[in-house]
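Shared between the two complexes below is chain A, which pairs with chain B and chain C, respectively.
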Partner chain A sequence: MSSDASASAKPQAAAAVRVDSVSMVFNAGNVNQVDALSEIDMSVAAGEFVSLIGPSGCGKSTLLRLVANLLAPTSGHVVVNGKTASQARLDQDYGMAFQQSGLFEWRSVQKNIELPLEVKGWDRARRRERSREMLELVQLSEFADHMPWQLSGGMQQRVAIARALASHPPLLLMDEPFGALDEMTREHMQAELLRICSAADTTVVFVTHSIPEAVYLSDRVVVMSPRPGRITDIVAVDLGGTRDEDTREAGVFFEKITQVREGLRGTGLGDGQRGIEDR
Partner chain B sequence: MIRRAARRVALFFVALALVATVWEVYKALGPEKGGSILGFPVLPRTNDRAMPHTWDMVARLFDPEVRGDPTPIWQAVLGYSWYTFRMALVGLLIGTVFGMSLAVLMARFRVVERGLLPYVIASQTVPLIALAPQVATLGGNWGLPRWMWVAALGAFLAFFPVSVATLKGLSSSPPASLELMDSYATGWWRTTAKLRFPAAVPYIVPGLKLAATAAVIGVIVSEISTGVRGVGFAALTYGQRATSDPPQVWTAVFGAALLGLTMFGLVVALEAIVMRKRPREMET
Partner chain C sequence: MTAAGTTRRVWSVLWPPVLFGAVFLLVWELIVIVFDIKKFLLPAPSAIFAAFVDRTSEIWDAILVTGTNALIGLTVGMVFGVAMAFLLMRFRILNDITTPLAIALNAVPIIVLVPVFNNMFSITSQTPRRLMVTLVVYFIVLVNVAKGLRQVSPTHLELMRSYAASPSTILVKTRIPNAVPYLFTALKIAAPIAVITAFVAEYFGGSQDGLGYAITSNVSASRTDASWAYVVGACMLGLAFYLAAVGLEKVTTPQQRVTT
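So, the complex of A and B:
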């Protein structure tokens, strides 16, 4: 059925991310001990788009931070691009985008995009060239010298994505990047993200709590359940051909949404789970 | 922008006129020899020695400092104030550099914060008037010019607000931004240069405003106890002639006020420069 864990849109490609029996316990031994993740196994193929979905507290953000090496797992291994997660972080093998765009308010749009390149020690001319290229990609070229607070929320998020992709990392990690946007902007941004990532051939791990968003974007949707966080289902989403606005009205789109929803119901919480959007 | 500036200048003069009016009204109506309320001698004397007429103070600006001198006193006061201003500016600069460095060290090493913060706070309760002669002696032993130790005492008062504000600012970076820098694997100093310090600027600016006035106070008080001839020393010597020439001391007060406003204005100008690209807060 849908829970075929090996199902992947590009099964022939090497794994960009491999998570082997990873567990994460916060405050071990204390009264407020939290088993955030328990025995997680997951593999993401190069070029694949994988979403992590689940109710609040299921550990999906924690899992993303383990891949990013912003947290270290209590047990188990995380391999990114064939390296340890910490080496991958040192090599800046991934870009990251959060729910809050997190742009630096004292830097212009262009300077924000150049931040990861500055850290890498690129010279000015090369930085400038790349940031121009990224601005073109996210279609904000005329806003290069604007300050972030002069831009709308959706534009700010596009700058954040451009920043995350500026050094052309093979992997993009996103934590509910469109969570704070209105529905119209959100759908527009989803289409933009697919366009940008296919142009750059980027692998994406995407945390969300919106079922349609996960289905629309992903090759596979990883369904998680809380306390302790586990993977309960993996739904392969083959919508056939390119995804565009018509995709959102296709029958197969709704079938997959139903499939993910059922996967979430199977997590034992029944209906009315907190933190899941059906829209 | 220009209209707002003009309105501010106009408001300043309105406020000045208001203060002068209150002064003159009290002088006309208040008790000649002072007065008490509920047994406390709180009402100031209104005689010409304690409260000269405002127009006498202004007129005094155009009379010489001492009899027979051709130059009016406002020139002399301006000279003293300029001297004090330069010492206060040096004090503010030294205090700012020192205060910021201290804050960065305290932010970097918790041990330094725990060990040093009590002394930093205690340093501000030391009476400057007692400390100044000690520092003067010390500076004399090292062969430093006298104005330098007065400036150092200005720095002694100025560093504190800068230090406290910077420390607060350095620990106020948004967690998501810190996480972002973490994902670039940048070290503490690099993260501070790229994120913590720029994020601290809106906290540092109010600290600098306090420091600017603190530096002026520090220098003026230190002049009095060390005899360096700035506007503070002038106020002291003019005050001693209050019996024969009551308005004279007020010319020094005007000079000191002008100096304080100038220092504050410098920081406001600096704020306009460093904050020009930042989002504007709601203005009142």
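So, the complex of A and C:
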């Protein structure tokens, strides 16, 4: 592990997520047994933005689903917001967004954003007020009554983020949310995400394939390697001040990209990294 | 969109098939005249039209009989099909038992059951035909709706679980809305098939007041033009069922993309 791991950009005092020696084995004892994760330790401070990066099959999505309690670990503990992961899920302590926006195509944009609030049992007026607020946040107010298929891919993804944040969860879990977008939209969405999350003071755990995306967005980049999935490096990214379009041109940005890339090379797969976008 | 614009758009879609239909009828008429084809072999469209006009009220009565059979069978089959789809989703074990059975039944041309059904009821009863339609519709609806309830996007399911939604909430907010388009697909497939079944079932005997019986009896009496007139009535009935199914879909799901 690199020395940067301890030099985190933010204090570690209040951990939003703590993962203690977690291992995950699928089909245990079977011929097709998969050791997805092995002895993972990770901590995410409140308000921190942490990216998980690594080649396909390194278990980064699995790790995210363990935090979300959509999967239960084979061994080890996951603590979210000081509670067990399952209690955190029951309390809707996190919002989630995926590569597919996952909008419900029979619901309008506004009704999509209100869905988690409906499940929570909020009354109509309160839901409406909150969905208006969220639409304003993602700058889609005039599209409240549109159906999902009437929106572009980037707009759909913004609705998905608004939905994930609708109940004002302290934690946002994202699994390659911009993976299906073109490069221009993607950069725009990254800037939007930073703006939205700093406005709501949200902790983010973000899974990605893209090194520049991870560096641009994160306070720390967690580098993972496959078979079995484990953490090989943690790169602290202190780009100084606010991140904007100039950040992408800055020397320190490229330094950090190089550092993450070297971390990935150290995973023993050589230069021909599969599933990593180097652009 | 303006009303005039809509009319123009509809017409631009409509004129090629209308023109083709008109040319087809014209060529048919000419062939019958030029080759002097006998009326009992193939009557000209004009003769069929005359026969149709001649028997409008009889044809209408026959349409009502067959149409009622089809409608009752369609409704009952849908109700049972939807109910069974829910049961299959709720109880996995039921699904494991019935799926191979359903596949096996699907391979059987179930229309051959009509004579058996006829034997079970009195000769003038419409019940065997309605039973037949019910059975055919039931399987179409069951297969489609069960698929719609089950094939929910994995992302939707993960989202609902991340909201800590209960199974009944997932059913109401995810599975049922997901199955609605499948139900209408089933309805659009089943509606014309219900008519076909109601009407073919009459070929196997039983009471003598429907379209199917009228066609066969007129053919055997060499009144070919009359039997063709009943065929026209059957076409109208099938079309009416299909359009009603499409219309119902448009009315109930105004904001979704309607696929035809």
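Throughout what follows, the second predicted complex is superposed on the first by the 273 of 279 C-alpha atoms of A that agree within 3 Å, B and C clash if a C-alpha of one lies under 4 Å from a C-alpha of the other, contacts with A are read in each partner's own complex, and residues count from 1 in each chain.
Here, a contact is a pair of C-beta atoms (placed from the backbone, for glycine too) under 8 Å apart; a residue touches a chain by one contact, two chains touch by 3 or more.
Note that the structure is predicted; figures quoted are calculated from it, not measured.
In the model built by aligning both structures on chain A, chain B clashes with chain C.
Legend: residue contacts after superposition of the two complexes on their common chain; A:Val119 is shown touching both chain B and chain C. Of the two partner chains placed around the shared chain by superposition, chain B and chain C are both touched by A:Gln92.
Contact with neither chain B nor chain C is seen for A:Val25 once the two complexes are overlaid on the shared chain. By the touch criterion defined above, A:Ala191 lies against neither chain B nor chain C after alignment on the C-alpha atoms of chain A. Taking chain A as the reference, the larger set of touched residues comes from C, when chain B and chain C are compared. 68, 70, 89-90, 92, 94, 96, 98, 100, 102, 104-106, 108, 115-116, 118-119, 147, 149 are the residues of chain A that lie in the contact sets of both chain B and chain C, per the superposition on chain A. Interface residues of chain A facing chain C in the complex, by the touch rule stated above, are 65, 68, 70, 89-92, 94-96, 98, 100, 102, 104-108, 115-116, 118-120, 147, 149.
Taken together, the chain A residues at the contact with chain B in this complex read 68, 70, 89-90, 92, 94, 96, 98, 100, 102, 104-106, 108, 115-116, 118-119, 147, 149. Residues of chain B touching chain A in their complex: 174, 176-177, 179-186, 190, 194-195, 198-199, 201, 277-279. Contacts from chain C toward chain A in the complex involve residues 153, 155-156, 158-165, 169, 173-174, 177-178, 180, 253, 255-257.
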